[in-house]
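What follows are several structures.
Same chain, two partners: chain A is paired with chain B first, then with chain C.
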Partner chain A sequence: MNLIQIDAQSWAKGIEKLKAVYRTFGPKKEKNDLEFKELQAGELPELHFQNTRMSPKALVYPQTQAMFTYSLDESREDCRILKEVKRDEKPQAAIGIRPCDALAFKLVQRNFDSREYQDVYWINAYEATTLVGLACDHPCSTCFCTSAGTGPFGEEGLDVLLIQQNDTLYAKAITQKGESLIQAAGWKSAAAKDAAGNMDALKTKAESEISAFVETDKLKQKKIMEIYEAPFWEAETFSCINCGTCTFVCPTCWCFDIQDETHGKSGVRMRNWDTCMSPLFTIHASGHNPREHKYERVRQRFMHKLKYYVDKYNDGIQCVGCGRCIRSCPVNIDIRKICNKMNSFDPQSCSCEVASS
Partner chain B sequence: MTAYTDKIRQIASKLLTEGKVDMVIGFRKGSIPMMNQPLFIKTPGEAQELIWDSHCALNLANYVTNRKEKIGIVAKGCDSRNLVTHIIENKITREQLHIIGVPCTGMVDRHKVSAMIEAEITAIEESGDSIKISGNGFSKELKKTEVLQENCAGCTHRNPVIYDELVGELVPEQSGVDPYASVREVESMSPEEKWNYFEDLISNCIRCYACRNACPLCYCPTCFVDESRPQWVGKSQDPTDVRTFHLLRAYHCAGRCSDCGACERACPMGIKVREFTKKLNKDCLELYGWEAGLTVDARPALDTFKADDPQDFIK
Partner chain C sequence: MQNPYLPYPVRIDQITVETEDKSLKTFKFVFINPDDEKRFAYKSGQFAELSVTGMGEIPIGIASSPTEKGFVKFTVFRTGKVTSYLHSMKQGEIMGIRGPLGNAFPWETLEGKNVVIIGGGFAFTTLRSSIITMLDPANRPKFKDIHVIYGARSPGMLLYKDELQAWAQRSDIHMNITVDGTDDPNWKFHKGFVPTITEKYAPPGNADTYAIVCGPPIMIKFTQPVLDNLGYSHDNIIMSLENRMKCGIGICGRCNIGKDLVCKDGPVFTLSQLNTMPKEY
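For the complex of A and B:
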């Protein structure tokens, strides 16, 4: 596909034009960090950053979402009837999303848009969203995207890829949705002929700057129960305080909890992000909790991402290597270390009690 | 403070060799700058993993709650105060603990340091009072005293209050510091200003509960936010529920908080959650002359009654 060249002036103009067609989101300074927020008139997305603190998953899958409203007023005809909440499904555009976060939407899609279940909330929001990626020219030391199915210039999941060189942006449409957005923004100057070659060089350079890796090649062939019962879990998860940070900052964590909140005679049925780190995630009405201990909960998170998902979909790990959980974990639990331990675990050579019993 | 590392290793190794403890809880070097990881070791050979520097800011008392083993634990001033509170509150016995006391000169504020530099900090080195941070194309020397966690800058209990042995000479306690300056600032605000101040303070809370879970005081079998019958607090991002969580969390810590700063350090969003607990610490000090965790021989302010307790607030 053709590369479009965008100078600073047409960038600013184009973003303003987009705001008329799309709810436009981009990285914005927010209390010493960057978060994806709606861009107001005159605001441009930040383009010099490593990544936002929270993943942009909330654009499609908000932390709290009202699903239904209801009335408990017996005198009303619609008493106890759930009524769907009208959702704003105006087209939206995420400008400056990183390739890892874009791929995350494809992974999450497997859960929300499968043959058995179609989650209309997620699907409609996702379909209304155009993802305009920004290639990473300086990946973080905690980024391991190249061993998680993408890369600093990865295109999967994106509608447009933007590449920055000095003060010029180059845009590459990847999907029809992306073409439409570029058109709406009025960006049309074709890039010089040698631009594509330059972009390839930038890509190679950025990939060579990735310094963190995980090994995942043996995860599939491992027996579930052998990893599940591996002796390293207790020690590796000791520091965990069971907060929900890793799951909330993660672009691929998709679990939610549905709650009815009643105020007087009316109420809202809503869903909220849930976290498998919390004992509440699995506690039964009887009081029994199948994941009673901390290590069981931490193990669940890693087993889900790095083993159950791998086995179920046969398409790599449920992780895009953004490194947020590593950077945000208050007690330095590092998924790279756990992943490598799981991948290299050999019960035969292990002198532990599990293997000998 | 890095010189303490050798001594900690020596003591831990000796305790385990002699069978005086079943495990030693301390810190190991983290996989990213400014983040050390709490760990336990059970054999003398593992003692080499233990370290000490200005990034051991989490409170290790959090890791001994209800444990049954005999435990060697590395404890700076605030950790030791929370061990005292744990002992008073029957979460562990004094006999179970061998406290390896660390005279502390303060911990580095990871949020503050990260915010000072636009680029990623990939390495940090410490020598004496100097902290050198570096990353791709930059290197910068900082004075440790300028980047201390706020609670450490105003700390008046840097030495452990109980210990079985020390890893170094006691350090002079700070005098002339004012731990409550920011509380007074808030106190002087109008109700409307206070409201706005706290609304802004917690506006980006994601309710991950890292502040609660990093806190050694928060050991309830079921936290009030997790109760379902009755459900005290909603689980959404509704501002009323977010406020309720923060205010009640703070009140549950009244008279028990050592201002160790673990809550603030743990917060992934960099929220200054100590703004809530500090006010209650100040009230406890002014009303009852009480500072938490200084002695096992007195009951906490809200756990006891005296005829001359102030009662002007009863209208």
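For the complex of A and C:
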């Protein structure tokens, strides 16, 4: 694929052109952090950052979303009949998304778009979205993407990859959607012949800067119940306060709640991100709770990402190594440590087994 | 693309109070668009999301049988927000149902076999559906002996009393109805807990005999060792689970037990399957 070279001036011009065709999103300063927000006229996406505080999953899967509207007005013909909410069909583009966050869309697609059921909200939004990635030239210390299925220059899930070198940007179209976006932006100067080689060198350098890893090679071969009953869960998760932050910042957490919200005689059936860290998530109407204890909920989160998903799809872990949960957790619970424990756990050498035999 | 969250609109055609404490009512629904009934083609053991506009949705087992045409029935216990509101609703009101959802009892496996139905409390709903299905003249020859053991706290707490009476008169189904206790001198069925009655009256286990067990956790806990003693293999013990649900279609992530989603991979599992899964139900 040809590399396109973009200088500062054509970058700014191109972004403005995109705004006419796409709702254009990019990292913007929010207090001390960066978040993905819609870019207004004249605004450019921030390109010098490590990553946004929240993952960009909300672009396709909003934290709160109206599914249906309804009326409870008895005098109306359509009283109590749910009506679909009109969806905004305008294409959208996310500029400056990190490769790990782009791969996350591919992972959650398995959940929202299965053979049996298609989640129309997620699928329509995903299809309307073009993902323009920004390669990481200086990964953070908590990033472990190279052992989680991608890397600082990873392309899977992206439509375009942007690479920064000094003040110049290089763009590589990965999909047809990406080609169309580059065309709409009017970026067309071919990069110099040696640019591709330079990019490869940058990639190798960035990859070598990754200092954190997870071991996942033995997760598949173990039995669910072996890891589930491992003795380390209570101790490892003891300090968790079940705040749910890890699930909300995560690009691959997809669980949601559905609630009816009525105002006067009309209302909306909404869906909202939910968290398996909350005891309300599973409590039965009888008061019985299958995951009554805190450690059981934390175990669910890790087992889901690192074992249930692995067994179900046979294609790696449900984690892209972005490191957000590690950076955001108030008590320093670290998925890398838990993953390695799960991977290396040997039920045969478990002390309780030895004691009972 | 069809929106899998959109319920079919239905009208409440009839409401029957089932139990003396009025905590259980059966709702008979008629589809507002007749074509929706065909789209809602279901099997005994499946469930649906009942959608009460403005209140929310609840997963409820389908109590009617596919052999009953023109309506669908659900029996609902009054407990929280949606079920309490539903209990206050009137005949003629409009609501929605979404489904059918989940797997069903394994009807292909059960064909040609003895079927032993063991139910307790108000978990008898999909069992009613199953009995009606199997007793349908077109279906009855497909099964060998049918045994039913069904228990409730007291005679007034039994569901579907008229049907129970009618089945008890038939020779092609062995009914063992029981109550924990009663001082009614006219009570003509058993007294005792479901596990005890199972021990006395259930046929012995063998490769050709399957038990479907639905009931409160305490009943299941004490019935299982009885079935073990009777020689039932865990492949031949079938159960239905009730985890908290939202979407009912395997997307919202709420109902999982290990890698299985109760709403999509279940709610029906064999005991052998459950033995390999976390006890998160």
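Please note the rule applied: the second predicted complex is superposed on the first by the 352 of 357 C-alpha atoms of A that agree within 3 Å, B and C clash if a C-alpha of one lies under 4 Å from a C-alpha of the other, contacts with A are read in each partner's own complex, and residues count from 1 in each chain.
One rule holds for everything that comes next: a residue touches a chain if its C-beta (ideal position, glycine included) is under 8 Å from a C-beta of that chain, and two chains touch if they have at least 3 such contacts.
Nothing here was measured: the structure is a model prediction, and the numbers come from that model.
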item	value
Partners on chain A (chain B, chain C) - clash or fit	fit
Touched partner set for A:53, first chain B, second chain C, both or neither	first
Partner chain in contact with A:244 - chain B first, chain C second, else both or neither	first
Partner chain(s) touched by A:192 [first = chain B, second = chain C, both, neither]	neither
Touching partner for A:142 - first (chain B), second (chain C), both, neither	first
Touching partner for A:12 - first (chain B), second (chain C), both, neither	neither
Where the C-alpha centre of chain A sits as vertex, the angle toward chain B and chain C in the overlay (nearest 10 degrees)	90
Chain B versus chain C as contact partner of A:334, first or second or both or neither	first
Partner chain(s) touched by A:257 [first = chain B, second = chain C, both, neither]	both
Touching partner for A:80 - first (chain B), second (chain C), both, neither	second
Partner chain(s) touched by A:201 [first = chain B, second = chain C, both, neither]	neither
Shortest span in Å between Cα atoms of chain B and of chain C, once chain A is used as the common reference	6
Chain B/chain C common contact set on chain A	257, 259
Partner chain C, residues of chain A touching it in the complex	67-68, 70, 72, 79-82, 84, 111-112, 114, 116-120, 123-124, 223-225, 228, 254-260, 262, 267, 269, 271, 274, 276, 281-286, 288, 290-291, 296, 300, 303-304, 307-309, 311-312
Of chain C, residues touching chain A in the complex	1-7, 9, 51, 53-57, 79-80, 83, 93-96, 217, 242-244, 246-247, 249-254, 256-259, 264, 276-281
Residues of chain B touching chain A in the complex	30-32, 35-40, 58, 62-63, 111, 114-115, 118, 120, 122, 136, 204, 206-210, 212-214, 226, 234-238, 265-270
Complex contact set, residues of chain A against chain B	30-33, 35, 48, 50, 53-54, 63-64, 138, 140-142, 235, 238-239, 241-245, 248-249, 257, 259, 261, 270, 272, 275, 278-280, 326-334, 336-337
